[in-house]
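Order of writing sets the chain letters: A, B, C and D. Residues in each chain are counted from 1.
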């Protein structure tokens, strides 16, 4: 297996370690050859050693400069994504970048231009596309057997809200949380969003209001293909991670339920009791992360299109900006109003 | 509507009133013209009046003698069924008879002979065949699209056991309760039972043992068509009426779940909670009783085969006798050992 | 049973016959004593006779003037509802009125004033409140055990669109179809709607556009209690009547699935196949109609509050007007902008 | 991590490679230090190298003699299991042994005696105990919250039958396939089996008859605690791996459904269509294998009881022998009739 794709991992936080561990254990056609993190410490080095990563560094530049690195996984803090994309592209490395590329449209476009110029591949980390359940819904729609899509619906609720310290820097619910759903509706409908209208509320914790944010939001959408849609988000759902999608089409509807922790159930005089939905994204999208990594590696090895490209990285950011603007201005906002 | 089928109702207990009320309200092609019950009293007469039954009597002979009666519903006590069948047949009336015809095989055969001689129709009250769920299972098997049946399974549990005074005279779990399931497996498989083997236990109430009865039983079955099967019964299931059937075939399996009281569900940190199964036979088989009555009336009006005939009334009794014998003797019992 | 509530039925079309038949068969504490319909003919008279209604007339005035009528069921054409309410109230009759009372707010208010003045009871025919599934959802929310409601969601799709001749006079999707859902969200949330925002599309049949109508619409809502919500409607859903509600609350979510035609399922190499949802409102809300009728009769007999009062009749009309205005003007519309 | 448990893997066939790969990837407290297989070849060596196993050999004796091996995984052919247990025990190694230990009771007892004498740990590979769904059922029963168990039911159907060449040497359906279910009923009920009664048939392929085997079987069971039970097996189920368990207890029932390939579903005019059950044991019990391995390693590292001990390995073999005898002799067979 001399021709494994050699990966440089940028960032060894939670999501970086997740990707690194997955690649070493489950992606036989790739291997992590170096991990860079400015906060590299003994614990991180021990983790790297335990899964067979041969080199570590505090300096990302070493990764870009390393001729033995074929591709990078950008798992560092969001503000570094665009610059690291540019540097990696200039160094001729293929790029997997966690979402979002940036919160600033110009910066995203600059990064995409660098990728375009370098003719490297860029895949953005919208992992939910690789969930087998959502994928089954999308594949049914894309097959055309249900005819044209009419209504696209996505429900997304986190089990528990983040700490207020995170809310303060998160960029708000639309950029931080609903961005996944903006990607999902594009994926499900096979169409771009042309207008959004938002209603939001602070219901779970008054703290959100202090950061000019909401914790609960519903956004309606118009798509370029004529379909309409709706996304609802809430920061807290004590029963677990609520992740459901639905597409109502001409000849039928396709949807998914939540995956439950197990399929056992108890019947008593009080009713029938089943397990809760899986707790959060690590539980629900565990296998999807692996599928995402394999898809990226395969696209490079086979020189095919990546399944989530730069435009797929850009558009959800634009929709998020539009949704936030709609909430603020109390009116529908067209995507044509947003830089892009 | 001069040509409604005119029905004489024999027995105005719970099941008699159920049939009478249903016919008056839901069977537009029939009408109850008289009800006979030796215990006829003011309350029963008020019930009859309230649903427009024009005549009541304490004497069943009046019904047999009445030239305005086209058909009878025999809903009296079990020991009278066979004699009433004979009298009704001799009077040229068509007959709907609640199960079982009798617990004595010879007596059943005598009744069937009278029906045969009089060329009247006889339908036996195995109401579960008319449940839309079980019927969907059977129709799938009968369609042949799943190929040959391999395994037939029936689960049947009552929400709560009967009073011991009833157990004393019930004839035991096989004749009183599992008889419905013996009919069901014949219905589902489209085949006769040729051998049974029983295991039973007294688990819910030691009182059953005093009457030489069990409260929990599992009976395995061999069918004439080569399939095998199993029925399990329990006298108590606190979560409601557990009524599930399943047929595993060459190309797939078809089964039904319990119908629940409603389709709402609550998701909390404790799990997902749904409603219980419907409580008992009146709730679960309510619509099936009406379908059964209509099927009988239609068979007469159209002069077609009744859907549950005399042999269908006889065979479950024979299987019940075999199952009881198997339990007692601790060995498989062939149906050929039982009079028939 | 001398003290049955005596009902005069106004209108013997589909919904009038439904109520009439139900009352005669399933509401033992009431009886229909007369039915009035300007199009009374032999067939209608035969129907009335078949279920024991002793009198028929072409003139509704006879019903209002009849001292033996305690209450009326107004099942005539929509444009007559308000006037009939006024006449019935002035005659001292209690009133059950099919929805909507009127499409004109002033006219509704006039009718409600007449009811108020006469101190009779008025119940409006929002039958879905009596569906056991939706009721279980609402009762869970109302019990408070899940805490405050955050998000209220209603999906409502008809199996097939109405003929264009009906669309022409229907008043549009919001008044004709979504009005049920506007009532439902008030019922579920226990709160009034204060603002709506609509997105709509013509997707199933271009004919809707000719009548300035849409066939698919999503309306977001803000409630007085701070919760937010969304309703989606589509005129066609080939899989049957799609009727689902959901309330996400502080401590959990409660929702219902569609009731299916049966609970059998087939497992083959192609997947697991279940029955479709029940076809349309007669199938899905059959039992709810009876519960609605009983609730009305009980409220009169026990002199208690009716479960769906005049305000409950008025508000959904106001919300429908607001939703239509929002669609037309492309902006959120506050209920305070609508006469009320 | 100097104190990882050092494992010698005996047998590098399908199940051996499964355990080896799992341990290397998912059991951070253990490592495979050597793999022995008499058919060791280049391909197997490449597999071992790819997951970081440092040594390979054709001679199992090298593993027993190796002082750096703390425990062995016996994944070799069934006839070698007992002897390898004895050798490993004599060498002071802890032992994980795939089921069955042997088909001969005396040989099993000899192996268990060796384990007892050496005071090493022995865990037998009944992996289904570690399936989260079955475990949830068992844990509910074991918690006692549903009261005493009354009826234990297990359904187990393979997606497709094995080749006839395998049937020839498999030992028959009871030893080869139903043995898992015999273990499962002991696990679920928390009780020993005292009597079995079998009915079987050749339905899927006449070839089974040539080997004096059946392809479809139902076995009823009596337990020491008074409960009764039933297992049904079929060699073919085109819809996938059918694995359901159910325990009906005093206060309710607990059961599991099949895990489906995904939780998406399509609603059309033809019905509601879901995914099939997961295909076979690798798909369904994938996570259970890892849980099983971790449980074994933990029991050694913490010096606690293994969750599936020698008696748990012995009893299912005895029950299988009894079930086969019951089929042959056409009578219930007591476990006391079987050597043990």
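Rule of thumb we're sticking to: contacts are C-beta pairs under 8 Å (C-beta built on N, C-alpha and C of every residue); 3 or more make two chains touch, one makes a residue touch a chain.
Not measured: the values here are computed from a predicted model.
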>> Considering only chains that satisfy the touch condition with subunit B, which of them also satisfy it with subunit C?
In response: A, D
>> Going by the touch criterion at the top, tell me which pair is linked by more C-beta contacts: C-D or A-C.
In response: A-C
> Farthest chain from subunit C, comparing Cα centres?
Replying inline: D
> In whole angstrom, how far does the Cα centroid of subunit C sit from the Cα centroid of subunit D?
Replying inline: 57
> In angstrom, rounded to a whole number, how far apart do the mean CA points of subunit A and subunit C lie?
Replying inline: 42
> What are the residues of subunit B that contact at least two other chains?
Replying inline: 237-239, 242, 251-253, 267-269, 275
> What part of subunit D is in contact with subunit C in the complex they form?
Replying inline: 237-240, 242, 260, 267-277
>> Applying the document's contact rule, which stretches of subunit C touch subunit B when the two form their complex?
In response: 1, 25-26, 28, 50, 52, 132-134, 136-137, 140, 146, 251-259, 261-269, 275
>> With touch defined as at the start, can you tell me which subunit B residues reach subunit D in the complex?
In response: 148, 150-151, 153, 155, 157, 195, 197, 199-201, 203-204, 216-218, 220-222, 226-230, 232, 234, 236-239, 242, 248, 250-253, 330-332
